[in-house]
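Multiple structures follow.
What follows is a pair of complexes built around chain A, which joins chain B in one and chain C in the other.
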Partner chain A sequence: MTGGIEESGIFTAIWWVIATLTVAAALLVVFLQDLVKAAMGLIGTFLGIAGLFVMLNAEFLAVVQILVYAGAVSILLIFGIMMIRDTQRGSQANSLRIPAFALGAVLVGIITFVVLDTQWNLLGEAMLTAAVQAGVEEAFSDSPPVLGGLLLREFVLPLEAAALLLTATLVGAIALVKGE
Partner chain B sequence: MIGLEHFLILSAVLFAIGLYGSLTRRNAIAVLMSIEILFNAVNVAVVGVARYTTPFGLTADNVDLLLTGQVFALFIVTVAAAEVALGLAIVITMYRNQGSVEVGEANIMNH
Partner chain C sequence: MESSFDKNALFANLNDIFLDLLPESLSWMAYLGTGLTIILIMVNAVLMLTAFGTYMERRVLGRFQTRLGPNRVGPFGLLQPLADLLKLITKEDLRPESADKITFFLAPVLMVTSMLVVVAVVPFGKDSFLADLNIGVLYLVGIPTIATVSMFLGGWGSGNRFALLGAARAVAMLISYEVPMIVSLAGILILAGSMSLVDVVQAQQIPFILLQPIAFFVFLVSASAEMNRSPFDLMEAESELTAGFHTEFSGMRFGLLQLAEFGEVVVTSAILATLFLRGWENPFIPADWQQVLPPQLWLIGKMLFFMLIFTWIRATLPRMRIDQVMAFAWKVLFPLALINMFVTAALVVAWPDPTYTQLWIMVGVNWAVAIGCLTGYTLSRGRHRQKPTESVRLVQIPAEVN
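Here is the complex of A and B:
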């Protein structure tokens, strides 16, 4: 699975650019006072994560990410911001600033330690036969049919539950906003 | 060379940023936006693990299972979309009832 483009320096360079932009956009979402600008940062974060999905050979998910997040969810949030006048005067941070920062820093530290300390069972280092190797290449290069098969076989119950969840959410949201 | 560790640590950094935002923001819509960052950070981790690690007992017949992580990410996207729709409905109701979307002022259930 390794080799080819992922070994090249250009892959590394593109990864660092996308990672930096994604983190910067996420920081804008958290720190900007003007919520419309924060929503623009949120769209930037979503697009950066779609780029990361492409680098992870998950092109289908990248398209879903752009359609659902950068398209639907962000438009919904911007409508919400614009409907509520309260948001125009900005959003101050509350008194939890220092504990929350400490919590985030500790979390990143612990996760970094665990990730670097774990002996990962990597795909690139596994002893795979040629047939398995070919299957792996095929699954990642042509993922939508594989995803569809998984959704309708192994994950058919969660799929139906998700459909039910979306219906219940739709009805619930209408019932909440409609009022009496 | 970029490996699994890079993606997982990036995901942890994004998660921490989203956590900080959802704890410190006063405006309910800003909290919702921070929660979206949390969901996305988890998605990066799940898809990264699916791409770089190998399950035990991988044979040519069950190679499809490598994409389980991507299926998880699809379900997370679905749940996040439902969450933001319902969250906004609650925020709009709250704005109608008390004229404010400050999280600290949402104490109507306290009395």
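Here is the complex of A and C:
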């Protein structure tokens, strides 16, 4: 740990830049009428979220975010958009915009409440023993083995269930395409 | 991010130099200065290698096709890349009227960026790397997916149907080849026990090219598909699509796309050297060869070797059809990568902490599996191929001819 960098506020500055860009890209997704450009905004949002993961020392999540969302999901999305005839004005506001706005406002309210109300500092000074701190630092410095161990030991049943579900989806998609 | 300072002597020394130069109040700039200096060195090294790579590729292709290749500019034509660059910069930069301004501008930039950013995790020596990420191997295969997106943006943004068709083809192919590529690396990760590239290099008592022959084959093929090079260059199949997704790009934009394409060869060679040929260490097993060359030169030598192999592949193999390409990814490479993963996992479970002899037994087992898979595939292809010669006979020979 080099203290000078931590205290200089450069990380906070980078965080603000990334956060602003992410929110701006997300707003583009909502407000642009051209579907392909909206999809590009979505890619920007995914990349911004990956950047925030990096700021949180979660490099694994960041790279998986780029690999899966920015790399694969967005491509499939763009392929889907290409099948639609009128992409230039494809995303227009309609009569549902007021209920949608109300729902969105409620969602924002709930998330804000949860963020403000949660006691984030669970490990107070008293509980932060040397052993706990060492464990936390190990998990941060080398997270993939920790994640892998958790996935394959404690959460192996959900993992297998997800795998089964995905296989079933694949088989179903093939069956639908073959049309029999 | 602090990890680079802890692990890397180069970082620490440069940081100290900057700290001495800067006043106390600006000490945070030392971090930026250190990072930017090393980034500058890395990026320039890759760009110079890319420039040399284009020259080498053209000369070697010339040899293969019994002609000379570029030999006029400078001694042996060595300054040819510079001449190419000047030509591209001075050319007119056209943008078709139907093109989308933003995407047309973004596509080449994004492609070059996603190529250059990968170099960050490649270790050029025990103490000369930009970042030792604990997910380095995943980063290597994850970041280039942005190139796929930018390829699509370029094809779509050109407002040209050939470009869009080329981009659609390219994207379908690239997404398919990412799967065997990632799964083939699983065997290496199991053996190395870490995703950090520095650890992967140090785990190679025996080069992984010997321990993981199937993974090497699958990765080499998928990587040359990811780079859109010759057996897989059907996204720019000249006879069908004029030039694929970069039909409409001209001037320096085209130059950037070419730079990204050749740069990817350099970067992929670096990745192959790091993952399979012990990276910055000597490729041979006796360790006392270590002092012959400095680590950076070992790595660059191996990169040149793989660049030569890629040129060789390009000069030798004809272009494949799109259905052949897709079938090859899903029906050959993906099962091969899975078999490799299972065999390696079984071997590692049997010997969690292998001695040197046990490692050589692993080499034997893996090569036996590789040769078995090859033989099985060849035999099944042979049976398969006999069918069409009987059924697809266009002209029935009348009986009275005989």
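Simple rule for what comes next: the second predicted complex is superposed on the first by the 150 of 180 C-alpha atoms of A that agree within 3 Å, B and C clash if a C-alpha of one lies under 4 Å from a C-alpha of the other, contacts with A are read in each partner's own complex, and residues count from 1 in each chain.
To be clear about the criterion, a contact is a pair of C-beta atoms (placed from the backbone, for glycine too) under 8 Å apart; a residue touches a chain by one contact, two chains touch by 3 or more.
Here the structure is a predicted model, which is why all the values come from computation and not from measurement.
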For A:Trp15 in the superposed arrangement: first (chain B), second (chain C), both or neither? first
Can A:Ser143 be said to touch chain B (first), chain C (second), both, or neither? both
Which partner reaches more residues of chain A, chain B or chain C? B
Name the contact category of A:Pro158: first (chain B only), second (chain C only), both, or neither. first
Which superposed partner A:Lys37 touches (first chain B, second chain C, both, neither): second
First, second, both or neither for A:Val108, with chain B first and chain C second: first
Now for A:Ile75: first (chain B), second (chain C), both, or neither, which partner does it touch? second
Which holds for A:Ile66: it touches chain B only (first), chain C only (second), both, or neither? second
Chain B and chain C footprints on chain A, overlapping residues: 60, 64, 72, 143
Of all residues in chain A, those that touch chain C in their complex: 1-2, 4-5, 8, 10, 36-37, 40, 43, 47, 59-60, 63-64, 66-67, 70-72, 74-75, 78-79, 82, 141-144
Can you name the residues of chain C that touch chain A in the complex? 2-3, 5, 15, 27-28, 30-32, 100, 102-103, 133-135, 138-139, 141-143, 145-146, 148-149, 152-153, 156, 168, 171, 175, 178, 195
Looking at the complex, which residues from chain A come into contact with chain B? 6-7, 11-12, 15, 19, 22-23, 26-27, 29-30, 35, 38-39, 42, 45-46, 49, 52-53, 55-58, 60-61, 64-65, 68-69, 72-73, 76-77, 80-81, 83-84, 86-87, 90-94, 96-97, 99-101, 103-105, 107-108, 111-112, 115-116, 120-124, 126, 128-129, 131-132, 134-136, 138-140, 143, 146-147, 149-151, 154-155, 158, 162, 165-166, 169-170, 172-174, 176-177, 179
Going by the contact rule at the top, pick out the chain B residues touching chain A in the complex. 1-10, 12-21, 23-27, 29-30, 32-34, 36-37, 40, 43-44, 47-48, 50-56, 58-60, 63-68, 70-71, 73-75, 77-82, 84-86, 88-93, 95-96, 99-102, 104
